[in-house]
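Attaching a single structure in structure tokens format; questions to follow.
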Amino acid sequence: MSLHVENLKVYYQTLSGDVRALDGATFDIADGEIMGLAGESGCGKTTLAHSLIRLTPPLKFIGGRVELDGEELPIADMEKMDDFRFRKISIVPQYAMNALNPTRKIGKMTAELLASKGAKMKDVEPELRRRLDLVGLTQDVLDMYPIELSGGMKQRMVMVLSTLLDPSLLMADEITSALDVSTQKAVAEMLVEFRDRQFVKSMIIITHDISILYQVADTIMIMYAGQLAEKASKETIIESPRHPYTKMLISSLPQVGVQVNDTRLKGIPGTPPQLLEPPKGCRFRARCPLAFDKCLEVPPFVEVDPGHMVACWKEPGKNA
Amino acid sequence: MRRYFGRKVLIYLLTFFIAVTIDWLIPRFMPGDPVLSMLGRVGTAHPDTVNAMREYFTRVFGLDVPFWQQYLNFWASLLRGDLGVSVYRFPQSVVDVIMNAVPYDIALLVPSILLSWIAGNKFGAYAARRKWLDNTVLPLGYTLTATPYMWLAILLAWGLGIKLDLFPIAGAYAFDMAPHWSWRFISSVLHHWFLPFASLFLVNLGGWAIGMRNVIIYELEADYSHYLEALGAPQKLVRKYAYRNALLPQITGLALQLGVIVAGALVTEVVFSYPGIGFQLLAAIQNQDYFLIQGCFLFIISGVLLANFIIDIAYVIVDPRTRRGMTGETA
Amino acid sequence: MLKLQGISKTYKVGTFGGKELHAVCDVDLEVGTGEVVSLIGESGSGKTTIGKMVLKLISITSGSAFFKDIDITTIEGRELKEYYRNVQGVFQDPFSSYNPIFKADRVFAMVKEEFYPDMKPEAWAEKVDQCLKDVGLNPPDVLGKFPHQLSGGQLQRFLIARALLLETEFLVADEIISMLDASRRIDVLNLLADLKKKGLSILFITHDLSLAYYISDQAVILYRGSIVEMGSTERVYFNPQHPYTKMLMATVPRLDQEWEDIEIAIREKQLPIGQGCVYFGRCPFATDQCSLERPQLEQIESNHQVACFSCKRGS
Amino acid sequence: MEKNKKKRNEFLYFAFRNHKLRIGLLIVVFFLVMAIIGPSFTENDPLSFIHRGAPLKPFQSEDFLFGTTVFGQDVYSQFVHGLRATFVVGAIGGGLATLIGVIVGFVGGYMGGKTDEGLNMGTNIVLVIPTLAVLLIISAYLEVRGILLESIFIGCTAWPWTARAVRAQTFSLRAREFVDLAKMTGMKSLKIIFKEIAPNMMSYLLLVFILQFGGATLNAATLDFIGLGPTEGISLGLMMNHAVAHSALLLDIWWWFIPPGFAITAIVGALYVTNVGLDEVFNPKLREM
């Protein structure tokens, strides 16, 4: 069992109080699984990603347990997490384009980073060079400065760097959103290749673009307003979603082949709740056509089919 | 790369040209007839100084000569290095007066600027490390920068000089000595040099510390710092990178601050009557010695411009972004 | 309605403006009344530059532009103001389109001050309410609020209402929904579709192919400043001729089918645009003719043109 | 509407909680009050020689609270009148420098292209030239120098800092889309500058003015100290000049040269600290530090 998260609660401190950005997430990721994490802005997907690797103020750890390969991740403790970071769990950040120190040669910076983590550049170098060829970067990129590389090249360098010590879990935070369609496909497929070549054991791809996840992810988890709505294989999420929010979200996405004059798609009325004082129970209640009095309690995130978890009272799970 | 330097040299030459023009213009657009007013004001009864002065003034200011002719004469004499004769130090030419003042200036300015720059940056970096450090270094830094140069000089002179009698407070070396190469003379020079150096050093220190504190906070918030922290790099490495990157804007800061520091040195020299250019310039002003004033002004300007140019070149060499940015092909 | 003939834009770059950057090179484009034309291209293709040139926010280096047969290439002052009565724009970032320290509905007050100074306040308030309702907003909820108190979707619809206030006939929509959440986008698209039925012509600028397909009649594919393919949306999408368009159609992520595994040359270094075809650097079918001569747009079927030598040879 | 009120008193809430701002303002206001009402407590003219005999120490006699100078002048009277002069120079000099800097910065930043390049080159040139040397020369040649003239000189040579900062700010604001929106509503450039861009920068201009005020005070004190200040009246710099000239150090009349220097340091230091406090209040990122 690669990653096991249990009732993780992380709030976001602001002047006017704690925003309950992530309110109790329980899910698992198996070895070799690429999980897509999708949801609209403010649903807590970035909070989840950041709390797993670098939980710093203004994020505040409230509760919950996280286990990686059977070992508990001390996510609340900054120092202790250091030996997990980069070795066991790693991230390709959203700002990958300018994540490299501008005034340092890339090779020298890699060597210093490895040295600071107790690894030696000598024994990692052959593997590093092989991976550079894999992602289409020339060898002499190591003694160039970041300013001499294009945005796409910098991003691929960061991808190689982040996975250099073969971490068990890699998080890719919105790395395709800033790219053009063609490079998007290349980068997404590169992620899959990193998993196939065992550079990483499992992966979480965070994005708001569900159609990208359909192409590369094994499973997709949908979040809404800090709570998990649904998790299933990518086919089930697209073809036969069970959570009302997922259904409405998928049906509101325009696709090539769908034109306004023949089929007029519908959006989701209303707006997501603000999470300073979130509504009681299921947070989609206000906008949900199927809402009824039971929704005042928080629906449990239960398994309705093998590998298909839903948090909705309308979907009687095995143990409801 | 060459075009970048070409442009820089052009700007500096232009600045020098404008500075010289200001220097030439000032006595001319003053009200009244310059020659008469100067002669009258000098008021030395000594016949030959008056005649030499009158002859000299008429030749330089030659009112019959058209305006631009005067200007060309001024440049011609400037290029020949003849800045005219000092009035209050009569037989000595302006250049000589300045030449034996320059070494003291360099001895005072160069060490105080460089040491305060290094120390200030170190202090500023520490300040960004802890909250309580920030609350001590910052106010201290602000009080130091806010202190007028001359007041700190007075305080040091009065405190260390007179009260505790540790250091002499006037002149560059003991009065009973003539400049010669001996240990005694050198130790006396150092003894006299310390207080002006300390006062300049402290005031500048505050400025650099604050500058570094603000820049390093910005660098610690930058994306590359977050990325290193996300990969679990120790704070030492993160801070080392942030410090190196924060030094770069401090280099340009150094260049821009030169004008202010030179002014500070001028006042400090006055308090300690330390025989640098500043002291000469003030003496010239008090004695209405216009040629010495113009001479000192030119030396200060060209010194600052030269220093600025050197610092600009140093910046390009040190900062790979500008160096590679221009030559490297960026997509 | 709008006709662009051989429009180009060249920027001076480098310290002394030595080098020249050809953002747009002689583009011909036409938008009819009540027609939605989508301008599709990746970043750096010059689509926003064209939008800004149409809105006269940046100068047109060469070529000419006609709006209802009036030459607007060099108009200024009074005529420019008149032009803005008919042509308006909505931009990508809703929060950057508003001056943060004023209330959001100040944009309406600015319109009144410039275009309807002598209109009585009640008549104006009535007109504003009507336009807000037309864009699906409830006036009391949105008036008198600061920009940060409104959502991205509401702010964008505010700007569209502003255009309606001016009875605009032509709207340039530059990536107006890329900052909005997936579920909010569709409402704005449907709104544009309704306005199109009422006769509004729209130049819809986007990099997202599925959005363009949903709403536009004509599609124009742009690459590094030149049009490589244009025509009716169905024909361009389902019968792509130009290698670049084919590659785009193959790579757009869909919800109903997975990517075919065709190999795409990752765009390494931008080769400077020579006199040949702009896509020469990445085109798998490039011949030396492509590197010497720039292909012109040619009709390959009704309402469908392509600028490519190899396509004509039916490769 | 409540959200918008909340935004305003959130600003005030932060302004008063920020201790740097509170301390800084407190000191500045203290000296300001002293400069305004101080002179009314004494009829002695600052420069007249009143007391005969050895200089009095502070609080040695009630009519010379701060003691007297070597010539028997009332140090207190000199101090408060000097304070007044310092605030005048700071306000006018600082104000003028900010004004010129803002105009140069705005026009350069908004117009761009050739105008911007020219203005920017001019700014850099004036920046490089040591302004005090220029001030020195000008003051040396002028017979009669009033405090107003001195302020104008200081103002005219201290503006490059402001110009550079305002230019950078205007560049970032000009790229914002609401400027394009204003253009599309047919507004003229000048109207856009003053109606759209300027209001955004009010908080920034205040910060810049505070720094210029401090800078002008320092420059004026330096000029007065070397004897090139106003030829009539008294200022803190002049006090220090007289003290040093008449070897107050050797005679250990510390109350003659310590208070003026201390006042300048306190005022300028307090201004800088206020500036930092205000900067923290305006942009939240600095708040956590």
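For reference, chains read A, B, C and D in written order, and residue numbers begin at 1 within each chain.
Going forward, a contact is a pair of C-beta atoms (placed from the backbone, for glycine too) under 8 Å apart; a residue touches a chain by one contact, two chains touch by 3 or more.
Not measured: the values here are computed from a predicted model.
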Contact-count maximum falls on chain pair B-D
Taking the mean of all protein CA atoms as the centre, name the chain whose own CA mean is closest to it.
-> D
Round to the nearest whole Å and give the separation of the Cα centres of chain A and chain D.
-> 52
Separation of the C-alpha centres, chain A versus chain C, in whole Å, is 32
Averaged-CA centre spacing for the pair chain C and chain B, given as whole angstrom | 56
Shared-contact residues (touching 2 or more other chains) in chain C | 268-269
For chain A, what residues touch not just one other chain but two or more?
-> 150, 153
Interfacial residue positions of chain B with respect to chain D in the complex | 11-12, 14-15, 18-19, 22-23, 26-27, 30, 128, 131, 134, 138-139, 142-143, 145-151, 154-155, 157-158, 161-162, 169, 217, 221, 256, 258-260, 262-264, 266-267, 270-271, 281-282, 285-286, 288, 293-294, 297, 300-301, 304-305, 308
Residue numbers on chain B that touch chain A, as the complex places them | 222-224, 226-234, 236-237, 241, 244-245, 248, 319-321, 324-325, 328-331
Hey, which residues of chain D end up touching chain C in the complex?
-> 1, 3-4, 7, 176-178, 180-187, 196, 199-200
Touch list for chain A against partner chain B, complex | 53-54, 56, 81-87, 90-91, 93, 95, 98-104, 112-113, 116-117, 144-145, 147-151, 153, 158, 161-162
Chain A-facing residues of chain C, complex | 42-43, 151, 181-187, 189-190, 193, 207, 209-211, 213-215, 233, 237, 247-249, 251-256, 258-259, 264, 266-269
